[in-house]
Amino acid sequence: MVAEHEIQIRVRYSETDAMGYLHHAHYFAYFEMGRTELLRSQGGNYRVMEEGGLFMVVIHLECKYRQPARYDDVLTLKTRIARVTPAKLEHEYRLYRDGDLLTEARSTLACVDANGIVQRIPDVFQGIV
Amino acid sequence: MVAEHEIQIRVRYSETDAMGYLHHAHYFAYFEMGRTELLRSQGGNYRVMEEGGLFMVVIHLECKYRQPARYDDVLTLKTRIARVTPAKLEHEYRLYRDGDLLTEARSTLACVDANGIVQRIPDVFQGIV
Amino acid sequence: MVAEHEIQIRVRYSETDAMGYLHHAHYFAYFEMGRTELLRSQGGNYRVMEEGGLFMVVIHLECKYRQPARYDDVLTLKTRIARVTPAKLEHEYRLYRDGDLLTEARSTLACVDANGIVQRIPDVFQGIV
Amino acid sequence: MVAEHEIQIRVRYSETDAMGYLHHAHYFAYFEMGRTELLRSQGGNYRVMEEGGLFMVVIHLECKYRQPARYDDVLTLKTRIARVTPAKLEHEYRLYRDGDLLTEARSTLACVDANGIVQRIPDVFQGIV
């Protein structure tokens, strides 16, 4: 059982905006990477899941931005599963730079098939809260 | 006084993902467009504001995804200011396709100067709630 | 026969970078929009094409950047088909701001099926050079 | 003297498109990462360069796509400087997956100051061709 998974991400120049900061929309790509790697650390593989016909779709996002990040910053993203129900999966994210908390976020995903019909969350997500 | 502003956005191919849908992070670029155009409809101009040294930074986002959008869909985004305080600005967004509500979101922005010091929200945002 | 098609694009804040300019990678999303709209002006529809199992994949790109674009600039993109062969489609792009040429580009696309096997370029692209 | 620098990049879900592949525009973000890391391996730092008032702007790009990449692929990017003149810097890129060459590209950058005036290419780029 892994309660939390951690990855390092270096901010790309292409992710900055005219304010000189990591644009607020790109954080969600980082959180998605956190989910992919948390799942991999559990022995799961999202690509294989999709090839098998199951898709995890984002149905709710919330993000609180405390401090900005800049080009070339090395950030630490901590991702954990906060809650699993038969139909929904909730993740929590905390993004740090040198120990300072920059951003906190939360997402809810639903599991659907290729037709968008809700499916049961796969077992790999169970028991890792 | 304009309570709400509406723009049309056609989903770009580059905004889709392997699931065939508009990727969830790109909605925030749309909402940012909604803010730019709502401000312009008030006689304001965000580019001029930044040139004058004031920046509106996103400090909180929340988004509920009800139905996906696809490549080439023409979407209608309705943006309104929900609340203005001396230091914060809250917008609400509803994104539609053919009258169906796809997504609802809410953001909070703070006004800062080039050093990140909080400033008073400019008057152009006042009185349009 | 339409030799050339023209669209207007306003630069989004999310497309800028820390230099304050439209990031060089985003031009290719604009050129893709140019192709979509040129095809639509011919009576074609790329989404319908893909639903029918044909995909136009980019196999070569070349772009010359003369002058930068900035947030909120309204740009004019002129797209034309330079050459059609049974297997390849070449487009040319010129991007302007207030009559000044900012960028020139050229792309080559191949037509493939869902398995990546090369297919004959559809007739809608013929005769419009 | 380092002739070539190599980095690993895992394709993000947010970088895929409806065709299921890494979208062609995102390769340029990868090449930019290759430049950043090649420079760092030389003892240079692009962020520090920008803070000192020098900017490397892309003035020409060319890319040949041989095979597509997919979500979760681990790619190897090899970046080298092909040519340095007082005013221009040319890089070459080759992107591989499991030893297969997917993409070849070439870029030309110019060095400018904050006003866009052309400057001499910094010495850190010299002697590493």
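By written order: A, B, C and D. Residues from 1 in each chain.
By definition in this document, a residue touches a chain if its C-beta (ideal position, glycine included) is under 8 Å from a C-beta of that chain, and two chains touch if they have at least 3 such contacts.
Predicted model only: the values in this text are computed from it and were never measured.
Participant: When B-C is set beside B-D, which has more C-beta pairs in contact?
Facilitator: Here the pair linked by more C-beta pairs in contact is B-C.
Participant: Going by residue numbers, if over half of the contact pairs line up, that's a repeat, so tell me which of A-C, A-D or A-B repeats C-D.
Facilitator: Copy of the C-D interface among the listed pairs: A-B.
Participant: Using CA atom averages as chain centres, what separation in Å is found between subunit B and subunit D?
Facilitator: 32
Participant: Averaged over CA atoms, how far is the centre of subunit B from the centre of subunit C? Could you give it in whole Å?
Facilitator: The separation of the two C-alpha centroids amounts to 27 Å.
Participant: Touching at least two other chains at once: which residues of subunit D meet that condition?
Facilitator: Residues 13-14, 18, 21, 25, 28-29, 32, 50, 70-71 of subunit D touch two or more partner chains.
Participant: How about subunit D: which of its residues touch subunit A in the complex?
Facilitator: Those in contact with subunit A are residues 12-15, 28-29, 32-33, 36, 45-47, 50, 70-72.
Participant: Under the definition above, what is the set of subunit C residues touching subunit D in their complex?
Facilitator: Within the complex, subunit C touches subunit D at residues 18-19, 21, 24-26, 28-29, 32, 50, 55, 57-66, 68, 116.
Participant: Can you name the residues of subunit C that touch subunit A in the complex?
Facilitator: On the subunit C side, the touching residues are 13-14, 16-18, 20-21, 23, 25, 70-71.
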